[in-house]
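Order as written gives the chain letters A, B and C; numbering starts at 1 within each chain.
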Amino acid sequence: MNMYLNTRQINGFKALSLCSVGLIGFIISLYGQSDFLLQAGDVWRLISAPDNNDINQQIIFLLRLPRSLVACLIGVNLGIAGALMQGLTRNPLASPTLFAINSGAACLMALNSIGFGVLTHIPSEVATFAGALIGGLLVFLLGGGLQQNANPLRLVLAGIAINGLLTSLTRAALIIADDMAYSMLHWLSGSLSEVDWQSWSQLWPVSLLAFVLALSTCRGLNLTALGEQTASSLGINVTFLRGRVCLTVLLFTSISVTLAGPIVFVGLIAPHLARALFRHNYFLLVPASGLIGGALVCWADLLSRSIVPPAETPVGIVTALIGTPFFIYLVLRGKS
Amino acid sequence: MSRYKQLLFGGAMLLLMLAGISLIYGAQTLSINTVLHTLWQGGEQDFIVNDYRLPRILIAILVGTGLAVSGVLTQGIIRNPLASPDLMGISGGAGLAACTVLLVWPNIGSVWLPVVALFGGFSAALIIWLLSRWQQPSPARLALVGIAMSAFLSSCINFLLVIHPIEVNSAMIWLTGSLWGRNWSYIWPLLPWLLTLVPFSFYLAWRLDLFALGEETAQALGVDTQRLQIMALLSAVALASVSVAVCGTIGFVGLLAPHLARLLVGSRHQLVLPIAALVGALLVLSADTLARNLAPPLELPAGVLTAILGAPYFIFLLHRYKGW
Amino acid sequence: MLTIENLTIGYAGVVILDGLNITIPQGKITALIGPNGCGKSTLLKTISGSLKPTKGKVSLAGQDLSKLSHKTKAQLLSILPQSPITPEGISVRQLVSCGRNPYLSHWGGLSQQDRDEVQAALIETGLCDLADRAVDSLSGGQRQRVWIAMVLAQDTDYILLDEPTTYLDLTYQVELMEMMQKMNRRGKTLVVVLHDLNQACRYCDHLIVMKKGAIIAQDEPHKVFNSQLLKEVFSLNATIMMDPIANKPMCIPL
């Protein structure tokens, strides 16, 4: 039976094709587009006959594998975060980028690295997390997130204003500390080139926790889709739900932005694609958005290494370049 | 004197005062007498006052006016509070074109840059216009397309910066919007555009009032809405593009000035236009003056300061606005 | 019994409801009537708990409703808002089964009993044939039936409806009012905001007449409904006649 309140219905074919698109991207990104001559066979040998002295295997294991894993998981995180935000605000345009989470993180990161005031004394991860928190909360509160039936446009406008403010602060920081401008710019565009196994070990526990939290909000989000008053009448504590969703989104995005910088548009596009496949049920939408996001970032990372080799284009630029035309298409196609 | 005239007069006085302050303060503080003397007769401070500070002040006023008028026109045509040259991708298009040219031919003169920027701005506007013809989206959706467009263009700019790392810093300053090193040679390409397009927008003002009643009503009242839309949009794009060409993408002015003006004098375009222009000029001039004086001799880009001044005010407006 | 004591509510200094004392009779259909902006919807929202009163309380069988958890409250009282949102593509059965949410454990799915209740609500509202259709492909009247079915599946003793007949054709309005009477005969207590005074008189057992945030009258229709009241509350000159079919008062504007 087709149930809205639990997870019984999964469309096997769609799910399988999604997984395989992601998996193919993942495997190709393990050996493709490298300065070294790596081949698919090396990946296979790493699994079947691991050899510590084989330089190709070592490159794949120490450099490529963590990078691909992190890319995938960050995509998953951003995809789910986008789906949750769109569900909570019932606004198809909500995304981590709109909520100034990325630019908040970037701003504090930039201020931290140029040694601004007290910010010098805290580790950059903490600064980034705090920035994400501040940016997101500012937009949420100023955009009328706590009021009933707040106009979605107001949220968009608040997002634009806060984004503009934080972005120009970031730029000012870059201009003042011009010796670090290039590396910061790279980070600000979202880059996976610094990722290693340590990033992976920071990433997965947080993501797992956030994922469990995300699943626990699915039913509430399904009911919130009927309107907040209806959801409340059906026994959902809407304020509590909002708090939980916000916390989840912050966990997902802040850990991702800390490790790889802002990777834009994934959180916006993945849920839209997922909705085209699985409609409105968040029990399906959340994992599907995650899968799509993961596949998207994986392929974008692969592309980012092949546009102008040997230089790496930051992956965030690639997602933006792919994402925008698609987004415009979505906006124009949708019903008014 | 009516309240409107008081407002206009007060604004002009404020602008004059700010210009005076801007002439006096800077890396080197001058006395009022020196400034006045130098303005009339030149002298040893001739370079600082007449060749350095004065043209910057004039450019700030012109650019502020241009951006603000452009904002009023875009908002009038798209009938959407979100519409503004920077959010509709026009500034982004102009920025991308200018940035590309700057990276490829770093020595291009100040005369050609506006032309290139104009080309970029028009191309971006053309794309958005074609998209809107194709699907006829609601104003809110059109604004989204614009936002996405500007995001797209700014990531194109980022891409250029990443693959041409040498010019990062100057391009960054330019992208944030700055009047650093702008002299008389930048005024002449700017002036003819503003002198023709600003009066032209007054000519359109009354029609825009009718247009605000809805497209069908305006047509019934005898306005050729399609021609009006094209003319207003073209003027808006041209104004925004030449401003961007001269001092980069200074954010928030095109969005903020019309809102503030409307808050002060209501919604009639004839009244809104001059006030918006004043607000725009004040905003850019004060941003530039602050930018020069916060940490001399280091200079912040004026665009950072318009954002710092503009964003909180914008949020405040949002908070007060009851018309949702 | 649902009682409202000294209920006061206001936003930003403007008082919307001013010290209301109301008793909703059990097992009856109560209609809330009054001119636009008199606070009917606000009252309904406050009863359902989605607005917090500035003063006073709403209690059900002696229990303060604001002290109950959301879930417990949702097992006692349900509300159908004026314009609920239909998610794109959701099927009738899915939407109706949302009504079972208050009875589910946090991670659990629908039990057999839940499914039976959903089926019963679908039968009750005559939606069995449409159960797998998408709600947004249905007509306005059918859609309103789906929402009623959801409220039925929630199986609460008290049901609040905010202007359920708005935007419906007359046929569907009558159908809906009859459905309300059917629910009432099964022991449900209903509170309905209505615009049509004659419908309120004909189908409801109890009227609460409001004006500017205050209660003007509350009693059975034939006791309160007269031309003087219409003059006072709606500034309407009308004569009252007895409806020959239902033998209830009805008004004819002069």
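FYI, contacts are C-beta pairs under 8 Å (C-beta built on N, C-alpha and C of every residue); 3 or more make two chains touch, one makes a residue touch a chain.
Please read these numbers as outputs of a predicted model, since none were measured by experiment.
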Q) Counting one step for each move to a touching chain, how far apart are subunit B and subunit C? A) 2
Q | Pair with more cross-chain C-beta pairs in contact, given A-B and A-C | A | A-B
Q) Which chain is the middle one, judged by CA centres? A) A
Q) Computing the C-alpha centre of each chain, which chain sits at the greatest distance from subunit A? A) C
**Q.** Rounded Å distance, subunit B centre to subunit C centre (Cα mean)
**A.** 54
Q) For subunit A and subunit B, what's the span in angstrom between their mean Cα positions? A) 34
**Q.** Distance from the mean Cα position of subunit C to that of subunit A, given in whole angstrom
**A.** 43
**Q.** Residue ranges of subunit A touching subunit C (in the complex, touch as defined)
**A.** 1-8, 90, 148, 216, 219, 222-223, 225-230, 232-237, 279-281
Q.
Quick check on the complex: what are the subunit C residues that touch subunit A?
A. 45, 48-50, 69-71, 73-75, 77-81, 83-91, 93-95, 97-102, 104, 106-110, 115, 132, 154
Q | subunit B to subunit A touching residues, read off their complex | A | 81-82, 87, 131, 134-135, 137-138, 140-141, 144-145, 147-149, 151-152, 155-156, 158-159, 161-163, 165, 168-169, 172-173, 175-176, 251-252, 298, 300-301, 303-304, 307-308, 310-312, 314-315, 318-319, 321, 324
Q) Okay, in this complex, where on subunit A does subunit B touch? A) 93, 97, 142-143, 150-151, 153-154, 156-158, 160-162, 164-165, 167-169, 171-172, 174-176, 178, 181-182, 185-186, 188-189, 264-265, 308, 311, 313-314, 316-317, 320-321, 324-325, 327-328, 331-334, 336
